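Which chain is which? They are A, B, C and D, in the order written, and residues in each are numbered from 1.
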Amino acid sequence: ITVWWSRAWSSAAGPGRLDLRGIYPPIATPFTASEDLDYPKLEENLHKYAQIPFKGLVVQGSNGEYPYLSEEERVEVVKTVRRSLPTDKLLMAGSGCESTRATMKLTERMAAAGADTALVVTPCFFKGRMDSRALIQHFIKVADCSPVPVVLYSVPANTGLELPLDAVVQLSQHPNIIGLKDSGGDITRIGLIVHKTQAQDFQVLAGSAGFLMAAYCVGAVGGVCALANVLGQELCDLERLCVSGCWKEARVLQQRLIEPNTAVTRKLGVPALKQAMEWFGFHGGACRSPLQPLTEAETQQLRRDFSSNGWL
Amino acid sequence: ITVWWSRAWSSAAGPGRLDLRGIYPPIATPFTASEDLDYPKLEENLHKYAQIPFKGLVVQGSNGEYPYLSEEERVEVVKTVRRSLPTDKLLMAGSGCESTRATMKLTERMAAAGADTALVVTPCFFKGRMDSRALIQHFIKVADCSPVPVVLYSVPANTGLELPLDAVVQLSQHPNIIGLKDSGGDITRIGLIVHKTQAQDFQVLAGSAGFLMAAYCVGAVGGVCALANVLGQELCDLERLCVSGCWKEARVLQQRLIEPNTAVTRKLGVPALKQAMEWFGFHGGACRSPLQPLTEAETQQLRRDFSSNGWL
Amino acid sequence: ITVWWSRAWSSAAGPGRLDLRGIYPPIATPFTASEDLDYPKLEENLHKYAQIPFKGLVVQGSNGEYPYLSEEERVEVVKTVRRSLPTDKLLMAGSGCESTRATMKLTERMAAAGADTALVVTPCFFKGRMDSRALIQHFIKVADCSPVPVVLYSVPANTGLELPLDAVVQLSQHPNIIGLKDSGGDITRIGLIVHKTQAQDFQVLAGSAGFLMAAYCVGAVGGVCALANVLGQELCDLERLCVSGCWKEARVLQQRLIEPNTAVTRKLGVPALKQAMEWFGFHGGACRSPLQPLTEAETQQLRRDFSSNGWL
Amino acid sequence: ITVWWSRAWSSAAGPGRLDLRGIYPPIATPFTASEDLDYPKLEENLHKYAQIPFKGLVVQGSNGEYPYLSEEERVEVVKTVRRSLPTDKLLMAGSGCESTRATMKLTERMAAAGADTALVVTPCFFKGRMDSRALIQHFIKVADCSPVPVVLYSVPANTGLELPLDAVVQLSQHPNIIGLKDSGGDITRIGLIVHKTQAQDFQVLAGSAGFLMAAYCVGAVGGVCALANVLGQELCDLERLCVSGCWKEARVLQQRLIEPNTAVTRKLGVPALKQAMEWFGFHGGACRSPLQPLTEAETQQLRRDFSSNGWL
C-alpha cells in the first residue's frame, strides 16, 4: 500500500506528538425527562470530574450515546465541555460517522469546537465490505484533513467488527494518527499492536477498565474507561500503581473493579452506567430511547456487582 | 405486555390494509464522481424500472447506502422518486435511525415526501441492550406516530442483530404495523412468523432473492431483492411462477438466480450490485467511501457468477 | 483438484445408485437408569416405527447420542436395528469419527453390521484447520474404502462448522458419495447445492423438520428429522403432500410442526426429544451424562410447544 | 447449588494441594509416515525437554491430537512419558471424553498409567445443552472418582464453548479440582476467576503463550503453551521474569513471542507447531489425517512469523 503523506511531515510529527498517557472517562450525556440534553447537569458532572486527576475527557465515546445525538447536539456538547475543562486537560471528541465525507466534516467541526484530538470509530454498517483496504482509506482521508490528531477507535461489541491489526500497523505510520482506543480486550492483540508500532511512538489506550492493568502490563499508556464516570479516582489510583510498578497492589485493586466494570459495560450497558453514576453522586439519569431503563432485577444485579466488591 | 393502541383503530385497520404483495427493488443511489447525488441518473433508472411489473420501489433499504446519506438527502431522494413513480406503484421509504426520536421525525418527513409506507430497520449500535423489550418500545412509538403504515426490517448481516420472533409477533398486532422485510434468510423462522401472525394478516417479504421461492413456499407475499435492480423482470417472473403454483419452472429459475444474488449481497455487496447494474443497462456507478470499488479479481468473480448461470 | 477415482466406475455408478428419497427418523438410543444400553426398549421402538411409511432409519445421527457411545456400542446398536428392520427399509449408519483412520475403520464395521449406507459427519475438533482441502481429503479416503455408499453430514449446531459448498460440489463427483444430510437449514445454500450437483444425481436430505417443506421446494429428496421419532406419520404425510404438489395443505401442516421441531432440536435438544417420545408412546428415557434431564420449566415449555400446535 | 462433597475433605485438601506453578509444553505426538505412533521419536523429544526447566509436561492437550488417538493409544503415550519423566516433574494427562462415563474411566486409567493430575476438557458436542448445570455435574462426577487431582480445561477455539465463570467458581470448591487451564485468552475473565476463587487456592494456568505475561500479571500461576514445544527455554525465561517482577524485560520477550505463538496455534495450528519443532531440533513430523501438512505459502508465513521476531 502506498504511503500518501509526506515523509517530511512524518519526521516532524514525532517531537510535538500529543501525549495521551492517563485515564479518561468517556462521559455520559445527561438528558431531561423528555430526553432533551440537560446541560446544567452535564456541567455539574464536569465540575466534579475536575477534582479527579484524569488526563482528560472523552466526549462522545459509545457511553455518550453519540449515535442518538444529532450532529448539532454532538458539536454543542463538545463546546460545552470545552468551556468547563481546564486547559491542561485533554478533550478527545468522538467524530466518527458511517460515511467518510460525514466523518471528515464532523472531525473538522469538533476541532473548531475545541477538541484536542478526534476519536474516530470504525464505520460498520456494511461490515462485510469493511476490510483493511476500506478502513485504511477511510482513516487516511479523515486524518489527512483533520486539524487535530486522530485516535483510532475499535469497539467490536457495538460495531460488530474489529479494526484489523494490519490496518492499525499501517495507519500508525500516518503522522496525524497518534493512537488507538481498543475496546475489544484481546490482550494478545494489544501486546502485538504495541510491539509492531513501537517505531511510530503509537499510543494504545485500553477501552475498558476490566483489562486496564493487563494493558499497562503489555505496553498500553492509558485507559478510556466507562467505569471512570463512577469510580474515577480509583481508576487513577490503578493507573498510578501500574505506572510505578506496584503490581501486587495494582492486582488487588484491579480485581475489585472487574465486576463493576462488566456490569456497566457488557452486561447491562449505558443504562447501568447512568444508574451507578447516581449512586456515586453524579448525574446519570435516563437514556434516550430505544435504550430502556434497568429492570428491578437488573438494578439489584448492578448493586450486587458493586457491593460484593466493597464499593457500595 | 400491554397493548397501547385502541382496539377500535385495530378493527378498522383490517379492510383498508395496504397490500404489499409483489416484488420491490431496493434501489441503489447513484453518485457522481465526486460522490454527490446524481439525480439525473437516478431518474433514468426509474424510467427503466417503470417498464418492469414491480409492485413498487424501496427507497433507502441497505442497498441505497442510506447510512451514508444525510437526513436531507434521504428525504430529497424520496421526493425525487415520488415524482417519477406512477401512482399505482408503492413507495416504501427507509426511515430507520438509531434513536427513537430521530426515527419518528424522519418517518413523518418520509410520509410527507410521498412514501406510502415506511421501512424501519432495527436500531443496532447498543446491540447488547436491543432485546425484545427495547425493540418493541421503539417500533410502537414509531408506529404510533407514523402517518403511513410501518414495515419492520430485520437485516442481521448489517446490524448484527435479528428482530426476535416474539417481538415480531407482538408488533404484528399493532394496527399501523403491516409487515416485515426479513433479510436473515432463516426459512424456519419465516415460516413460523407467517404461522404465528396469520390472525393479523401480517405480510412477510423476503429480503433477498436467494430464498425468494422458499419464502413464497412457506407463506411470504413478496420480496425486496437487491438483485431486482439488475434482473428485475426475472424476479417478477419468479414471483408469477410461485404465485401460480408452477413450482418446477420456478425452481429452475430460482436456482439460476442464487449465485448472482449472493454475489451482489453477502459476497461482494453494494459495489458489486452497482457494477452489475452497469452491465445490464442501468446506472450504478461508484459507492460513497468507505465502500471501495471492486478489485479486478472481484469483478471477474462477479462476472463469473452471472455468466455461469447464463445471464451474461 | 484432481479426481482420484476411475471414470468407468463413475459412469457405472449412476444406474444402481441407492435411492434415498423419503423420511428417516434419526433414532434415539434408549438407556437404562444406570445409563446402559436398553436393547429391549430399542426393539419396542423399532417395532412401532415399522408401522410408519419411513424410507428407513438413521442409526447414530446426533440424536442417537453417538459421541457418548463406545465404538463397540455403536456397532452393536446397528446390528440390533438390522435384525429388526424389514429388508425394504434403508439403514443409514453414522460412522464419523474425528480421525480419518478411525472413520474408515468404523465405516467398514458399520457396513459389515448391515448398514446400507454410511452417514459421515465432518470432523470438527481442529475447526480452524478443517477447510475444504482437509475435508475433501477426509471424505475421499473414507468413500474410497467404504463398502457402502457414503452420505455427507453437515451439522454446524453441533460441530461448529459447515461443510463448505465447494467441498460438497467436489465430493458429489465421487462415485461412492451419493448425498448430503444438511442440518444447517440455510435454504439458499441447499438450493444452490441442488443446482450445482444436478449432473451427479446427488441427493440432498433436509436435516431437520423445520425446513422440510422449503427443502423439498428447492429440490431436496427427503428428510432426516429428529421430530420423526415423535410425529413420524405426520412427517411422512408432509412428504407426500410436497411430493404430490399439494403445497397449500403442506404449508398448513409444516407450520404446525416448526415449534415442536425447534423444541426437540435447537431449543431443548435430545433430552426434550426423549421426553416427547414418552408422551407419544415411544421409549425415550434418560440421556447419558453430561446431558441432563429437562428442568420442570423446560418440560412445561416443551409441552406448550406441542400443545399450542394441536399435537397434545 | 448444593455442595456434594464433605467439608472435612475440603479442609483437609488445602495443605497437600499439588503445586502447579510453572511452564508446561502440551507435547505434540509424533507419528510415522503411515500415521502410526512413533515412540522412539517421542522419547527423543522427551530427552531434549528434560534439559529445560519445565514444571512438567501436558500429555494430550489439544496439541497432542488426542481426538485422533484411540483410548489405548492415549493411555500408552502417558505410560511412555511417565517412564522417561524425572520424578520431580509433573505429568498432566488429558482424559476428557464426550460422555461422563468415558471420562471417568479414562481418568482412572490415566492415573494408573502414572499421571499426577488429569486435565479434563469440557465436553462439547451438544453445545446447546452444555450449560453450567450440565458441566458442573460432569466435572463433579469425574473429580469425585478421580484418584488424582483434576484440572479443568476450557478451549473455546476447538470446542466452541467456554466453561462459564460461575461453573468455574462453583467447581473450584471441590477438594479434588485444583485448577483451570484457560485457553480462551479473555484476560478480564482470567483476572475475575483468580479474584473469585482466591479463598480456594485455585490455580489458573494460561493456555497459550500469547497472553502468558498478562495472565501472570492478573494472578495466573503458570502456563500450558503450545509454543513451549519449540521455544521452551524462552517461555521458562519469561516465567522467571514475571515471577521476579522484571516486567520491562518480560514485556520485551513477551512481545517477540506473540507472532510465533499465534502462528502455531490460532493461525496455522498443530501442523505449524510440528513444522516449527523440526526447525528447532525436535521431532514434529506429520499430523494424522484429516489434519493436512502446511502448504508452501503457509510454511513461508510460519517462517516469517519466527524470523521477523528474531527466532530464525
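Definition applied: a contact is a pair of C-beta atoms (placed from the backbone, for glycine too) under 8 Å apart; a residue touches a chain by one contact, two chains touch by 3 or more.
As the structure is a prediction and not an experimental result, all values here were calculated from the model.
On a Cα centroid basis, the chain most remote from subunit A in this structure is C. Look at where the CA atoms of subunit B average out and do the same for subunit C: the two points lie 36 Å apart. Spacing of subunit A relative to subunit C, judged by their CA centroids, is 49 angstrom. Residues of subunit B in contact with at least two other chains: none.
Contacts between chains close into a ring here, every chain touching precisely two others. Working note: touching chain pairs come out as A-B, A-D, B-C, C-D.
In the complex of the two chains, the subunit D residues touching subunit A come out as 185-188, 191-192, 194-195, 208, 210-211, 213-214, 217-219, 245, 247, 251, 254-256, 258-259, 261-262.
Here subunit C touches subunit D in the complex through residues 35, 62, 67-70, 98-102, 123, 125-130, 133-135, 137-138, 141, 157-160, 266-271, 288-292, going by the rule given at the top.
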